[in-house]
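Chain naming follows the written order as A, B, C and D, and within any one chain the residues start at number 1.
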């Protein structure tokens, strides 16, 4: 992985965002950092959080997951990448197992846009060809997406809903499956464009606040 | 409440189901029962679970909530009633706060069918009129429903998505807001019909099993 | 085609339905028949209509298309098959071009269920393998389906939303792409099961009537 | 109507857009104009078309409706207003009857946002109060919306899905029911904001083109 991602996967992902979003302030963090990389001050000042994780999902503190979730529900955007489908934060926002079929055989993945007008697909070629990838296949146990943007096929014949959007509270969530530590997927120009588009799409609303309960009197809204 | 529901709310709900589903085996349980009313043996043999709760949501054991969730994801139907919107199980399946606007002023609720062909609306008059009800209003912080079946208006002018469906894993979930301990809503013939229709609609698939991960070889499905 | 479908494609489709729906009254009709096969009396007594067509879409009378559409909106089920995506009735119900990508090269099609709990997928293996098929690929210009049931991949790497449902008026519509005059697809046992499941799923509601306009007085629904 | 809308309803609608979209080029046209107000040159250079109509829907040429539809499918935005639910263009894009319940009794309409993060709801108060309006009620015979943005209640207790979005081809469609010739609804500041938001939301994609059929060779997308 070091040859493929000399700056880490987070470094490659950040570089891809920087290419397309020159005015964005991009910060990276890893599980090994203090406070698992996400102290309150950082989380509070984040507009869109990208989450990649793999074998260490269980090491992420439940309290941190809860804080991230509150931020999403209040309006922060969240992009969940590849094996992040099994992250605590994604499972918690989906309410399902998020299980899937997989095979690591370096197969070609072909990513097809099925929502051509969607901002996340803007400028993306039809199809994106990724020469070598881990296969993720159906059935993918997720709720019906709000929008299905991409469907992938793999050399072995499997298909996967590889780009899906959800609203949760005031926040926007996008899951994008291409991306793996064993292949240089985050150097792929089209994948980088998708992530940059998605970051823009997931920007929070002007006012961020956790949806809450109110108990108004009858006619409260009348002049 | 005792005059209104001499057999408890669960008794009234069960009686309503029995009217419409004469062949169904209907069992009731309350938080005060042993194992909070839902021992494994009961849960495992349940096709569709109706869940009503109010001020005691926090007393429900997290482990029980998790067991119920696994059952839903494996295929058990779940009907969440009224103040059950704040139950741990509903919040956990939705991934949102499930917060809403409320007012307890005995207002008339009028329930309109917006999906006339839906099995849950079969035989239900347009509209259902409930003379006195607690008001539940928008914004209701839930994921976009798979199907929006009913919308209610209240005398005070508020509206509410009062009947919504979701798929989670292999299970079907229906939330229906009419129903309160302070009003005889579960004696209302149309409300009873909706709940019976929903119970039928939420029946599990022939094979119940928790969605899982598989790792097949390339071409595994070929002869 | 005569060797492959000695009883016509309609004969093969009807035989498949008969296998799974022994109590159904199944009738067939072709464009060459009197009144293009669909006199009023037949149309009025039909619960679910299956529509296959190819090069002769333009020959179907506009008035007949309009009558079929009124029946669907009033509650009749409609299953649109394969090249029927370009039928006047399907285009008229969708409101889009229904265009797609195609290639007739006898490629293997693999049909994956993405909505395992859906009645149309009941008893259907994961995946369905069709050894030789015409390729239909994305982008398929249809409205966002109410439910996405099947996604296909083809040997050439293309994908297609091959099983999609819609509600239109009081009627249910299912489009299913597998099926071609050049391949024995309608003899395939899994394809036959899908069509039979879909016919059952698309059965009309108890009361069929065209949605209409009403102009009631205020409070008309109160006792 | 002349006192209420001295510059016509189109004048009031245009003035509202101009308030919020100072850089937009806004043009108006009526059925009485040459070529029914929409010569090709105008239609081709329009990004977003707002359509209001009432008793004269039948007078609109079918050929013009078809040209407008082709423009929408190629990417032009379309906002359909109030009684435009019965316009040929809306019915043609929906595929349903678009029928509804109505009553003209000057009732208060209260418009509730149910998709708070949606760009069309940005800056819109919760709720919008319209003192006098024609009532439009359910059941509204439309396809399931891609997004349900607003739900209205009326003094008489009826509800209506008053703000709904659809994608058709490459174009975006928004139907918004508030607005009538008998009430000064298009002078209402919140209604004007909704229409301006919607115009921005419905802007065409960078490349406008009618979705078409292609017939590529196997592997055409490989290097």
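The criterion applied here is as follows: contacts are C-beta pairs under 8 Å (C-beta built on N, C-alpha and C of every residue); 3 or more make two chains touch, one makes a residue touch a chain.
In UniProt terms the chains read A, B, C, D = Trehalose utilization protein ThuA.
Here the structure is a predicted model, which is why all the values come from computation and not from measurement.
A.B. asks: Quickly list, by label, the chains bordering both chain A and chain B.
C.D. replies: C, D
A.B. asks: Between copies chain C and chain D, are the contact residues mostly the same numbers or mostly different, with half as the line?
C.D. replies: On the two sides of the chain D and chain C interface, the residue numbers are mostly the same, over half being shared.
A.B. asks: Pick out whichever of the two, A-D or B-D, is joined by more C-beta pairs in contact.
C.D. replies: Pair with the higher count of C-beta contacts: B-D.
A.B. asks: Provide the C-alpha centroid distance between chain A and chain D, rounded to the nearest whole angstrom.
C.D. replies: 33
A.B. asks: From the C-alpha centre of chain B to that of chain D, how far is it in Å?
C.D. replies: For chain B versus chain D, the centre distance works out to 35 Å.
A.B. asks: If you look at chain D, which of its residues touch at least two other chains?
C.D. replies: 110, 116, 127, 139, 144, 155, 157, 167, 211, 221
A.B. asks: Show which residues of chain D lie in contact with chain C when the two form their complex.
C.D. replies: Counting only chain D, the residues touching chain C are 73, 92-97, 99-103, 105, 107, 139, 141, 143-144, 146, 155-157, 166-169, 210-219, 221.
A.B. asks: Would you mind writing out the residues of chain D in touch with chain B in their complex?
C.D. replies: Against chain B, the touching part of chain D is residues 108, 110, 112-114, 116, 126-127, 137-140, 144, 147-148, 151-155, 157-159, 161.
A.B. asks: Which of the residues in chain A come into contact with chain D in the complex?
C.D. replies: Per the touch definition, chain A meets chain D at residues 75, 110, 115-117, 122-123, 127, 129, 167, 170-172, 205-206, 211, 221-223.
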